[in-house]
Amino acid sequence: MNPFKRSPFVIISTVLVYIFLYAPIVVLVLYSFNSSRVNITFEGFIPTFSERVVMDGSTVVSSPCGPFHWFCDLSKNREVMSAAKNTLTIAFIATIVSTIIGTMAAIALQRYDFRLKSFSQLSLYVPIVIPEIVMGIGILTLISQVFGWVNTTFALSGDARLSMGLFTVTISHIAFMVPFVTLVVQARLQGFDKSFEEAAMDLGANEWTTFRRVTFPMILPGVLSGALLAFTLSLDDFVITFFTNGPGSTTLPIYVYGLLRRIITPQVNALSTVWILIVFTVVLLLQIVQSREQSKS
Amino acid sequence: MLKRLRENKSAQGTLLALPTTFWMFILLIIPLILTAIVSFGKRSPDGNVIYTFSLDNYIRLIGISSDCPAGQTTCFNPLYVQILWRSLTLAFNSTVLVIMLAYPLAYFIARSHPNRRTTFLFMVLIPLWTNFVIRVYAWMMLLRKEGAINAVLGWVAHLLHINFVPLEMLYTPGAVLVGMVYEFLPFMILPIYTSLEKIDNSLYEAAADLGANPFRTFLRVTLPLSMPGVVAGTILVFIPVMGTFIVSDLLGGKQVILIGNLIQRQFLDARDPAFGSASSLILMVMTLIVTYFYTRKFGFGEEIVAA
Amino acid sequence: MTSEFAVELRDVVKRFVTPEGNEIAAVDHVTMQIKNGEFFSMLGSSGCGKTTSLRMIAGFEWTTEGEVYIEGNPMGHTPPFQRKVNTVFQSYALFQHMTVFQNIAFGLEMEGAKEDEIKQRVGRALEMVQLTGMERRKPKQLSGGQQQRVAVARALVKTPDVLLLDEPLGALDLKLRKEMQLELKALQQQLGITFIYVTHDQEEALTMSDRIAVMSNGRVQQIGTPVEIYERPSNKFVADFIGESNFLDGQIKSLSKDEAQVFIPALNTELRGIPISQGLVKGEDVVVSIRPEKIRITEKNAKNDNFFKAKVTNTVYIGADTHVYTESQGVKIKVLEQNHISRLDTSSFYTVGQEVGLVLMPENTLVLKKV
């Protein structure tokens, strides 16, 4: 029996599901080159290059950037640029913190017995089994209560008043990312033979050296995939950010959402295209790296 | 000091887990407790919370209203019960549809040549990593009256000389369903794939050897062994569908109000955090009950980590 | 060397708490003394406490009661990296992310050795295990036997007082295992280092060891040379565990220093044997043990005492020997006959149902305690 034999039903369904997955993305990208400003129907690519933008009603007749008119337009959009900066800042900081503390927790949960162990483990499962919005409004309530209390008690005013911002978004991101990092690293540690560490200690390495030279290099792939997962979760997050952001801490998903509720512009398509391109490149690079690793061993 | 720590394994564990446990306690456990406390409070005129113990918010949620036509003191207002029911049925339907779409694909990938599996999997990851909001927007572009689907249908109708009236697809319950399925499909594919991939090829051969045809092999061997993946995927799909409000907001408009939209509006538009907290608590309890009974029946697969 | 013994376990107990909350003693009042330069094996089936004992010597586990001494020094809670013993792990535990060189050099680096010295000593260690030229390979690129050698080299390069080996050959196939057994033994003799070797394979233990500790249920059953534990097992467990034995239940009728007369109710006969177990008394219920290869089959009626009749129930030819299964009044007795004459004519073998006489020489008949 050929193990790779699949029935026609499976093959047809697979093709259809892949079309379902990719059709919206293709349309999205296509429209980012649309000459219509209102972006309702596809009127064709923006044709010619010229010194300045020429409009005919809502149609772009020519642009210095040619078909990439909306991308040029986007790059001039200060709000988008600051949202992009916020998104990356939050993702970087939250990923670093959650990876470090999540890895520590994973080691503790996998290797040690301690009093709060079951509480720790349970609290890590909670974010997976409750909808994000529940956590989001919970954090919103807590922060607004605490900030409100501090502001009135210390009679803070003006800029001194505590308000939602990059800080609140980042700490909340860490809270929902840590469980994923911990679970990924824990899964990695499960298959980890303790005798590697015993061997290191047996050969004269103390606990810290053992961790630095043996344990960490061996769980590094797990830590990295945990970090990568955390990073993408942070980039992708809408709900938690929605309830914890404030003036000046708008992220890209929040910005796009705000825009979509008012107008639809090809700028959003251009933004999406850039995003997809980045994701595609990263995923491709990862696959190349991974297949290299596999062929090596 | 160091020597004592070296010998005290329990202290080492506590110390390592401390930052995470502390973080989760402050930003998860306390917020949940606070939500519960607020849900028994009342709305103050300025949109804040008056802390008391009142069941008013819950009574309002189950449909007993004090805002009645003249002459009545209490009456039944099914609005919120309808919203809860709509959210539950939508989550159920989405999950079933997602399983139906995800399973063949996951099966296809798991039974492809090992060299090609990663490529197929990465093809699933690309849409997943494309931003959540952007994915909803993509469907707005497809489903609009002037959108891509209608454009294609119109073109086909034109070729066939049929009179074509563009379909109103956006802002319908169907649009929300499609959006949900699209958003969460990859979360089902990955765990099912993980559990299918684990099945040793010799099991298929054994089943064939014992006289099972491919269909019976699938029913008796493949399907039961892939159940952990389906269970994990269901948890990863059902729960977020229950709580999401962007999909219904952007694709459903004012037509499809889900419990997520209800909660969001209480906090941002209606300024009634107490009622919002009560709704949020009900949402949490509902998902926990469903998850509890579901996992008790099928077990809690480790496949959840795979996604 | 400060002490007569390289390693000493004094009344060591190790208790674990099972996941169900019960306490079990994996090692139960174990005392053993391992001499300098000795090849010492701990032999027993899985769960007998041999690996736990080894891990307590290495320092991976601490004793619940009692004390481990290395070179006469009590170890207490000394961590593994401060003990002058090194371990070869069952799984080898080679660091996958390091090369062979880096693996072997690791222990020297920890000692703070200079680069030149490390290079030189790793080179010599590789030579010793015949792996020169493999420095830059990763463990995954080596065969099982090569990995095993790297593990040995990595431990030996530290020039430990004692080398601990935890079933180091368990993962190898039979032929390679036999080769490695001889190599390890030769290495030990050449270096003069104390080896403590844990195994469940009795043949391995008998081949390599100067002395063997037979363990079961966390206790030491017997410590002795290979010859002692085979020829003079101190109780029924050891006689059964090492090699094969026929057991007959009986009662001591008379007892002197080097002879016991035992009545066997099942055969309604008396047998003469050597009292082996300590503290046997007259009238005690005992077990008589005799090895299959030490029973002689005669077709004639011998006038010998220690003789009884039996019926052949089955014979199995296995090349070097023939196993003859017999039965006498419900008691099954196995006899092993060496095929010292080459013959093809199977009719000369015993046939099923044939009546034969079994002779048990008193010096081969061991009288043992029941437990």
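By written order: A, B and C. Residues from 1 in each chain.
Please note the rule applied: a contact is a pair of C-beta atoms (placed from the backbone, for glycine too) under 8 Å apart; a residue touches a chain by one contact, two chains touch by 3 or more.
It should be emphasised that the depicted structure is a prediction, and the values quoted were computed from it without experimental measurement.
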**Asked** So which chain is the furthest away from chain A, centre to centre on CA atoms?
**Response** C
**Prompt:** So which has more C-beta pairs touching, A-C or A-B?
**Reply:** A-B
**Request:** Give, as an integer number of Å, the spacing between the C-alpha centres of chain C and chain A.
**Result:** 58
**Prompt:** Distance from the CA centroid of chain A to that of chain B, rounded to the nearest Å?
**Reply:** 18
**Message:** Where in chain B do residues touch two or more of the other chains?
**Reply:** 6
**Message:** Please output the residue numbers of chain C that touch at least 2 other chains, ranges allowed.
**Reply:** 79
**chain A, residues touching no fewer than two other chains** = 207
**Message:** With touch defined as at the start, can you tell me which chain B residues reach chain A in the complex?
**Reply:** 6, 9-17, 19-21, 23-25, 27-32, 34-35, 38, 101-102, 104-105, 107-108, 111-113, 118-119, 122-127, 129-142, 144, 146, 148, 151, 182, 185-186, 201, 204-205, 208, 214, 235-236, 239-240, 242-246, 249-250, 260, 263-264, 267, 273, 276-277, 280-281, 283-284, 287-288, 291, 302, 304-305
**Prompt:** If you look only at chain A, which of its residues touch chain C in the complex?
**Reply:** 193, 195-196, 198-207, 209, 213-214, 217-218, 297
**Message:** Can you tell me which positions in chain C touch chain A when the two form their complex?
**Reply:** 58-60, 79-81, 85-87, 89-91, 93-97, 106-107, 110-111, 140, 154-155, 158
**Message:** Can you tell me which positions in chain A touch chain B when the two form their complex?
**Reply:** 1, 3-7, 9-11, 13-14, 17-18, 20-25, 27-28, 31, 40-42, 101-102, 104-105, 107-109, 111-117, 119-120, 123-124, 126-135, 137-142, 145, 171-172, 174-175, 178-179, 182-184, 186-187, 207, 232, 235-239, 242-243, 252-253, 256-257, 260-261, 264, 268-269, 271-272, 275-276, 279-280, 282-284, 286-287, 290-291
